[in-house]
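What follows is a pair of complexes built around chain A, which joins chain B in one and chain C in the other.
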Partner chain A sequence: MNVLKYAAETFLFVPFAAIVINNVFSKKMMEKCFHLLTGAVALSQIFATLFCIYSMDARGMSRFEFFMLEELYENDREFFCLTPVTLIFLLCIGIVAFVSVMVAKKTIDAKKTSYVNLLMTLIIGMNGMVMVNDFFSLYVFLDVVGLSSFVLIAMFRSRKSLEGSIKYIIISELATIFILTGLAFLFMQTGSLDYMDLNSSLLQNSSEPQTMLLSLSLILILSGFFVKAGAVPFHSWLPDAHQSADTSISILLSGIVIKIAGIYGIYVLTDLFSGVKAIQTALAAIGILSIVAGALLALCQSHFKRMIAYSSVSQMGYILLALSTGTTLGVVAAVAHVFSHALFKSTLFVNAAAIHEQAGTLEMDEMGGLEHRMPVTSFSSVIAFLSTAGIPPLTGFWSKLLIILALWTAGNPVLAGVALCASIFTSAYFLRMQKKVFFGKTPEHLASVREVSGSIKIIEIILTAITTLIGILFPLVLIFLQSRGIL
Partner chain B sequence: MNTILSISLACLLVFCILSIMSHSLLKSAIFLALASAMLGVLMYMMGAVWAAVIEVSACSGLVTVIFISAISLSNIKKDDIHKQYEDEKRMRWFPITMIVGGILLIVIALAKDFTLTSALQQTTDHFKEVFWNTRQVDIMGQIVTILIGGIAVFVLFREEQENK
Partner chain C sequence: MELFTWETNMLIVGFLMILAGCYCMIRTYHMLKIIIGVEVAMKAVTMFLILAGRINGNMDLSQAFVVTVIVIEVIVAVVFAGVTIGLYKKYGNMDIRNLTQLKG
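This part shows the complex of A and B:
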């Protein structure tokens, strides 16, 4: 048990230690090898998560509660908790952070930014959010995530990045105020914000909120998390923030931040109030709206990163739709899509970094014919696109299949049909992107473009391999789910 | 007890208005810190110990340090701020609106006999107990928040510092 506890403690200790190391050691040395330090933190998170998954499975544990530095406190309450769902989120954080570091090695000047410190605070915020046992603590770490993201977008101080960051912070903080007010109302009703206390209260057994104050609380909290997740119609900040930030930051924002700050919060809420029908209806409505509107808006974009940002809006809709079922299979489907989205969206943003690095532009109208000049980027982009569109046997296919199965078994065949048909839109905007960027005639100004080299190329190959390999091995997950009676 | 509450409430209102209306950013930050401290006192007196702890620990003290650091690093001339404020005389309606809104809220609360029964159950907790044993995770989160504030000041105002 002690080893598991130590592994769990690394999720908060290691990023803290990295901040200390980064600021204590020689500045010049840290600027040169910042990617080694941050890469090590991301890898330690991936391995610690894998160890926790293995260890908990071997012991037959479905949850593991712990607290750090317990010798210092006179308290028997456990503040953090690991569950299978939180472990998948922690794994996604580790993977996306690692991808971001590999891209940052090429795109970020450590001398002029505080990338290491801010990435570490962002990781602490996200890890804290998914591990805490209390809704107010979740809010505190949510604020850490919001502020870190704001500074990460703004730190390049170009006009665009400052504009994007200001939009982000204003809308994000508005959402935070909604969530805080909602939590205050919830506290007034229940006297506690601890998950266990909320779970044991009678609230979750009711099919509708018992009081006006509780209804108001749920509306405010849900609206706040919708904003954070970038769901339609709360998405206005997302494309600007993702487009204006450096690509290594866009990877973090699209790959994991919107999922932790938005989707994880919604998951906690649906878990605590699983019986409330109004929440499920709201999730289904916003989910469908996000899928369709996100895809249609992506179809109209001419900027590569902006198109991927709108694609994220659309994919968040699928996750919301899965959570709207309120079943275990729905949660499994949502988590599977969170994982596969983290993989294929990271790949697409790495492609964007590669194209920007070599071609110097991300305007799709100015590109064409890069297929033969950048074969690795082109191939990984096709794999990511096929995974996003839900083509077998890639990870995106399995997660979307689970979502459709969850909707079907929950008695929502119409929603399942809409989700299935919406994949056509996804294929449409990605086919358009492939045609404009990689196929056709190469413009003169791109005649000298060659394949990207170094860390970006390596991470493109790794992500493509993982997307394909996990897709091929995914039937094993289905067998596991069947053995547990979930499927 | 009521006298302390009334004095704190009056001070809170005065400091808030001064903070909004002040032409100096530094004075605004200091008035905001004082308002925050008054809010902490009010929360503590009314039994909301948890909220008081968070208000005093984060808003009143350390955030003010970050504000003052940012102001000292920024290169905005005092005269420019004065000029901008003089141009925007219409902002004078703002404190009046806030005061009228506040009075309206109090009247509605009194008319509806608004009581917070659940929250008042927490009144027996001791400040130290709450700060150190019950909400330690939040304190950890706040330390990180303040750290981000410090980093933000350093990153976003670096050029102004170099120019100086």
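This part shows the complex of A and C:
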């Protein structure tokens, strides 16, 4: 029990220690080895998560609760808690942070120490958000995530990044005002914001919220998390913010921040109010709208990163649709899609970084014929595209299959059909991207482009290998689910 | 039952403050005024938290919430003002209609 507790505490203490180390030693020294420090933090997170998964499975525990600083608390409520869903989210955070560091080693030239500080704050915020046990602490960590990502976007102070950042700030602050108002109304009714208290109060057993104030608070919290997740009627900040940031930061934002800040909050809400039918209907409606509109908007973009950002909007729709079923299989499908989306979206952004480093542009109309000049980048982007579109042996296929199965068994064959058909749009915009960037004739100004070298190439190969391997080994996960009686 | 109790009055004032903050954010083109709008709306939310503590009798928990929210609010204002100053140095004024770099 003790070892598991220490492993769980590293999720918050290791990034904090990295901030201290980064600021204690001299700036010159830290700029030289900033990638070693941040890479070590990301790797320690990945290994600690794997250890927690292994030891919790060996002991047969489905939740592990722990204090952080035990002497400070007097009541018997545990403050943090690890569940299987939390652990998968923590694993995704570790992987995406590692990818971001590998890319940042090449793309970030100035302000390396600020990057380390902000990245570590972001990791603390995300780890805390998935581990806490009550709604108000979730809000506090949500604001830590939000504030550090605003500064990360605006860090290099170009006109574009400042503009993307201020758009994000305005819309996101409106969302936090909504969430906090909803929490105040919820607090007014129950007298506590602990998940346990909310779960055991009267609210859960009925299929409809009893009072107007409760329905109002659910609407406000849900719409706030929709803004954070970038679902379609609220998506306008997402492509701007993700396009204007540096690519190593776009990986973090698109790969994990929208999922932790938005999807995890919605997951908590559906978990607490699993009986309320209206939430599920809202999730299904917003999900379908996001899938279709995100894919159609991605079709008409000319900027590489902007197109991938709209693709994120579309994929968030799939995750919302999986959560809308309200069954255990739906949650499993959503978490599986979060994992595979973290993999293939970070691969695509790494490709964007490689193209930006070598060709100097990200406008798709100016590119072409990079297939033979950059074979590794081209191959890994094809794998990521096939995984996004859901082509069999890759990871994306299995998570989409689980989503469609969950919808079908929950009695929504129409939604399953729409989700299946919308995959065609996904293939459409990615085929357009492949044709414009990698196929066709090479324009003259790109004739001397070489394959990217160093850390970006290594991380492209690693990500492609992981996507393929997990895709091939995924039937083992299905067998595990069947042994637990979920599938 | 009396219609205009202390609690309903607070609720109505809070909603009016949120509406005023949102109106301020939508209507103006000046970035500092948008910050003021956000802050006004956040103040209303702080008031809702105090009201919630009074209604359910859990005043000490609500105190802890309010202090935390005030701290967060200040940090939000600082970050927002920092980005605004960055934009002011680029463009020379604080008009939000200048921001037309990102389209598509």
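Heads up, the rule we're going with is that the second predicted complex is superposed on the first by the 478 of 487 C-alpha atoms of A that agree within 3 Å, B and C clash if a C-alpha of one lies under 4 Å from a C-alpha of the other, contacts with A are read in each partner's own complex, and residues count from 1 in each chain.
Note that in this section a contact is a pair of C-beta atoms (placed from the backbone, for glycine too) under 8 Å apart; a residue touches a chain by one contact, two chains touch by 3 or more.
Remember, predicted model here, so these are calculated numbers, not experimental data.
Visitor: Sharing chain A, do chain B and chain C clash or fit in the superposition?
Guide: clash
Visitor: Which partner does A:118 contact after superposing on A: first (chain B), second (chain C), both, neither?
Guide: After superposing on A, A:118 lies in contact with chain B but is clear of chain C.
Visitor: In the overlaid three-chain picture, which partner chain does A:79 touch, first (chain B) or second (chain C), both, or neither?
Guide: Only chain B; A:79 stays clear of chain C.
Visitor: In the overlaid three-chain picture, which partner chain does A:132 touch, first (chain B) or second (chain C), both, or neither?
Guide: first
Visitor: On the A-aligned overlay, A:173 touches which partner chain: chain B = first, chain C = second, or both, or neither?
Guide: A:173 contacts chain C only, not chain B.
Visitor: With the two complexes superposed on chain A, say which partner A:151 touches: chain B (first), chain C (second), both, or neither.
Guide: In the superposition, A:151 touches chain B and chain C alike.
Visitor: Quick check on the superposed pair: does A:240 touch chain B, chain C, both, or neither? Answer first, second, both or neither.
Guide: second
Visitor: If we overlay the two complexes on their shared chain A, which of chain B and chain C does A:163 touch? Say first, second, both or neither.
Guide: second
Visitor: Would you check which partner chain A:181 touches, where first means chain B only, second means chain C only, and both and neither mean what they say?
Guide: Once the two structures are laid over each other on A, A:181 reaches chain C alone.
Visitor: Touch test for A:301: chain B only (first), chain C only (second), both, or neither?
Guide: second
Visitor: Is there a shared patch on chain A that both chain B and chain C touch, and which residues make it up?
Guide: Correct list for chain A: 136, 140, 143, 147, 150-151, 154, 157, 187-191.
Visitor: In the complex, go through chain B and note every residue touching chain A.
Guide: 116, 118-119, 121-122, 132-134, 136-138, 140-142, 144-145, 147-149, 151-152, 154-156, 158-159
Visitor: Flag every residue of chain A that touches chain C in the complex, lowest number first.
Guide: Against chain C, the touching part of chain A is residues 136, 140, 143, 147, 150-151, 154, 157, 159-160, 162-167, 169-170, 173-174, 177, 180-181, 184-185, 187-192, 239-240, 243-244, 301-303, 306.
Visitor: For the complex, give me every residue of chain A touching chain B.
Guide: 12, 19, 73-75, 77, 79-80, 112-114, 117-118, 121, 124-125, 128, 132, 134, 136-137, 140-141, 143-144, 147-148, 150-151, 154-155, 157, 187-191
Visitor: Touching residues of chain C toward chain A in the complex: what are they?
Guide: Listed in rising order, the residues of chain C that touch chain A are 18, 21-22, 25, 31, 34, 38, 41-42, 44-45, 48-49, 51-53, 55-58, 61-62, 65, 68-69, 72, 75-76, 79-80, 82-84, 86-87, 90, 99, 101-102, 104.
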